[in-house]
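Right after this note come the structures.
Across the two complexes that follow, chain A remains constant while its partner is chain B and subsequently chain C.
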Partner chain A sequence: MGVTILQQFPTENRTGPDTIELLSKRIKALGAMQHGNFLVDCETYTSVPQLGHQRTVHVLHNSEQPATVFSILDTGTKTIPLATDGLFDLLMMKMSSFYTSKKQTKAESKGPRFEIGDFCVKLGTITVSSNFKGILVEVEYKPCVVPAMCWDLMKEFLQGFLGFSVPSTPPTYLQNRMQELYTPIDTIHQYLEQFMIYRKSPGIGVRT
Partner chain B sequence: MERDIEQLNLALNNVKILRSNVRLVFESLSSGLRTEHGEEGKENKFILELQDLLTLVNNNLRDVEGAVSSLTTPPGPFSLGNSTHLSQETTQERQQLYGQLVNSYKWTDKIREYSAIAGNILATNSFNKTYKTFGTKRRKTQTSNHNVPPEVIENLITSIDRLFSDVAITSSRPFVPNPLIQASLGRVLKAMIAFKGLMIEWVVVKAHSESNDLWTESRYKVFRKVTENCHAAMCHFHSPMMPELAVRSFMHWFHSYITLFSAPCKRCGNHLHCNLPPTWRDLRTLEPYHEECK
Partner chain C sequence: MPRIFFIKVGQNYIIIMSAAPGSAMDSLSAALKCNIIPNQEYLLQGSVLDQYVEVLLHRLRGLCDNVDSGPESFHDHELSFALRAQGSGAAPMVLPLRVRRALDSPESPWQLRYVGQQELGDKNRPTVVRSSIDMACSSTIVEFLTELGCRMDFEYIARGYMFRKGRMKITVSKIFKMGNMNTKPGEGVEPISQSYLVELSVLAPTGQDAIAEDMRIFAEQLRPLVQLEKIDYKRLGNMS
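Up next, the complex of A and B:
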């Protein structure tokens, strides 16, 4: 598990599949090989009013860590991340009387997964309750575990195939954690951050 | 020597020509009068032809004599030692021995010649910094560097450990007395270094998350490349006369990989080339370069 950067790619009047096609072509031209597909999904549960102060639980799955369920509890003042095994899904079902999910908010990012050198590139199509919302590009540099050490290097790589739509600063979530060891939960935090943006963004059939 | 052989060759050639022309004389004599002499005055023609041939032979003979007179006689008989008896060998398979013997003589001659030249070159470029002057100053005699007491190696390792604050070293001794150390370079990488006495025997570079096994390569391309370069540096710094210095300089060089992911290439200014960061560090200046840029 190495440092991962999550990055939006503007679609600019193109359709989702067209954009994926364009990026696939670019990355393949650089010498990447496709290694399967990937899927990250997120479901959000909110506590029922009887429990008092409202809390939100985001439950996420990442196909890169297939045996793990990630959950992030948002109390309003702080967030508590939790990594558990697959049984957590069943536990959430048991607790359906305390935590209810809004079905319309299920967000997903899925698409092809490429490997090129020590990099892993994932081109994800974002859907919120099966409405297309945008394109997310995930780039992982596997040998390095400290974001501060390899940010410049990753920025160069990103610019290499995304062009100059790459911002010069790291994602907001990572900015405070540049010197810390990178863990899979950090990727999940970045995905959640992006999903929250897309849920609020206007699109075709917005439901928040 | 070279001139002698040339003249000998010339003389032998002259003898060959002489022999072939003498043969022509006898051939002509034995066949007697032939149809090509025609009808008229055929005896005269035949005698003329014979005369021509004989003059040619005479000239050839003069050439041979000239060539022979310019040859220098060898000083005394050649002493071949026991190898003279080889010529009297009767069994088939041993008859080839003579040729092989001559070949091996040639080789020893060449070796003597080359070693003399090498000796001359080395004598003019003496190693001022090495053991010779060093030893006379300190009177330290070190007979071997792969069979040293474990305490000496232990001291070396602890001194290296103190040298760099961001290199953490743990050592184990699976094969007494040769230690195997694991050097963690910050949060960048770790290296397994196997010692043979005071010399570095083997280096493997891996990510922190990978196993400490000495025999498997890293699964990441960048660390495989760094391992390769470490081997090159290990050979470069190797010095049998001053093994401690060799280990120290190697560790100094190795420490420069602390910037493996963060430093751009000195030549092209980029971070990536072929999807790899600059994996080479200059051996003297420790500056980062891509494999292709160095």
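Up next, the complex of A and C:
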């Protein structure tokens, strides 16, 4: 597990599958091999009014860590991450009278997963309650766990196959954590940040 | 790439593999359908006075599986939380949750556990049965539960030994009141009684009632050193 960067890729006038196809071709041309598929999903639960001020629990799964359930509790003033075994999903069902999931908020990023040297590249199709929302590219640089030490290299790699739509500054979530050790929960935070943006976006229609 | 789903059963993992990465909820539903999730706890409890605990430990050493390595010792801190809210009816909704951490192994993951209402059943049922969801978690759990709206009801320290006999787990533990958290483990704590708590339990998927009979037979073998019984908490009156 190394440092991971998430990057939106504009679909412009292409459909979702066309965009994935285009990016797959580009990454394969660089010598990448496809190693299966990946899936990251997020379900959001909100506290019932009897529990006092409103709190939100985001429950995420990442196929890269299949035995773990990641949760992020948002109290409005702070966020608390939690990593647990798979049975946490069962516990959330028990909590259904305290925390209820909003309908139409299930967000997912899924698609092909490529390996190229020290990098792992995932081309994700984002859907929010089955509606296509956009394309999210995940790039992991496996040998390094300190973002500051590999950001420039990763930026160059990203620009190499995504073009200059890649910003020159790291994602906002990472900006304050550039010197810290990167762990899987950091990837989850980035996905949640992106999913929140996509949930608010009006959607791109039915180009799935 | 096959997706691998792990389910922890006692000391072991059941591994389910599927061809494509399905959603975790699909895997969980499949596991629930196959009834392989250990969500029932079969339990018998008893106690032994301090002066006789050595005799019991000696007996357990002889009866249990881990003869060569000896019993495993533990020194845990347990916190009992509950999530409460007024329901639509008159009765308030309560979700009890327990957090446990090993004081003697700070690097180990913490444990989070939901323990449901116990069912005593009729007198032909050899053990108490209660639903249980047990999982490892990160150390942020206490802050997570507190901010989630849970309130801590009580906490204690349990120190003792764990034995295994097949799928059965036997713990012999001394319960201590919480001392000052700043003191070193084992210091500044006061025992709650002059006896040890003895528990015989198995975590199994629903409907494996045969295990309860094995437990009854095993409990028989520990008599008269300790009398393991179905404890009815409701009859303990105002203690809860």
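Structural remarks
Heads up, the rule we're going with is that the second predicted complex is superposed on the first by the 203 of 208 C-alpha atoms of A that agree within 3 Å, B and C clash if a C-alpha of one lies under 4 Å from a C-alpha of the other, contacts with A are read in each partner's own complex, and residues count from 1 in each chain.
Here, a contact is a pair of C-beta atoms (placed from the backbone, for glycine too) under 8 Å apart; a residue touches a chain by one contact, two chains touch by 3 or more.
Here the structure is a predicted model, which means the values were calculated and not measured.
When the shared chain is aligned, chain C comes close enough to touch A:35, but chain B does not. When the two structures are aligned on the shared chain, A:119 is found in touch with chain B, with no touch to chain C. Ranking chain B and chain C by residues of chain A touched puts C first.
After overlaying the two complexes on the shared chain, residue contacts for A:10 are found with neither chain B nor chain C. In the superposed pair of complexes, A:163 makes contact with neither chain B nor chain C.
Every residue of chain A that touches chain C in the complex is listed here, in rising order: 35-39, 41, 43, 47-48, 50-52, 55, 57, 61, 63, 66-67, 69, 71, 73, 75, 78, 80-91, 94-95, 97-98, 108, 110, 113. By the touch criterion stated above, chain C contacts chain A in their complex at residues 1-8, 20-25, 27-28, 32, 37, 39, 83, 85-87, 93, 95, 112, 114, 133-138, 140-141, 143-144, 147-149.
Chain contact summary for the complex, chain B toward chain A: residues 187-189, 207-209, 220-223, 261-262, 264, 270-272, 274-277. Residues of chain A touching chain B in their complex: 1, 30-31, 116-119, 141-146, 148-150, 152-153, 156-157, 160, 181.
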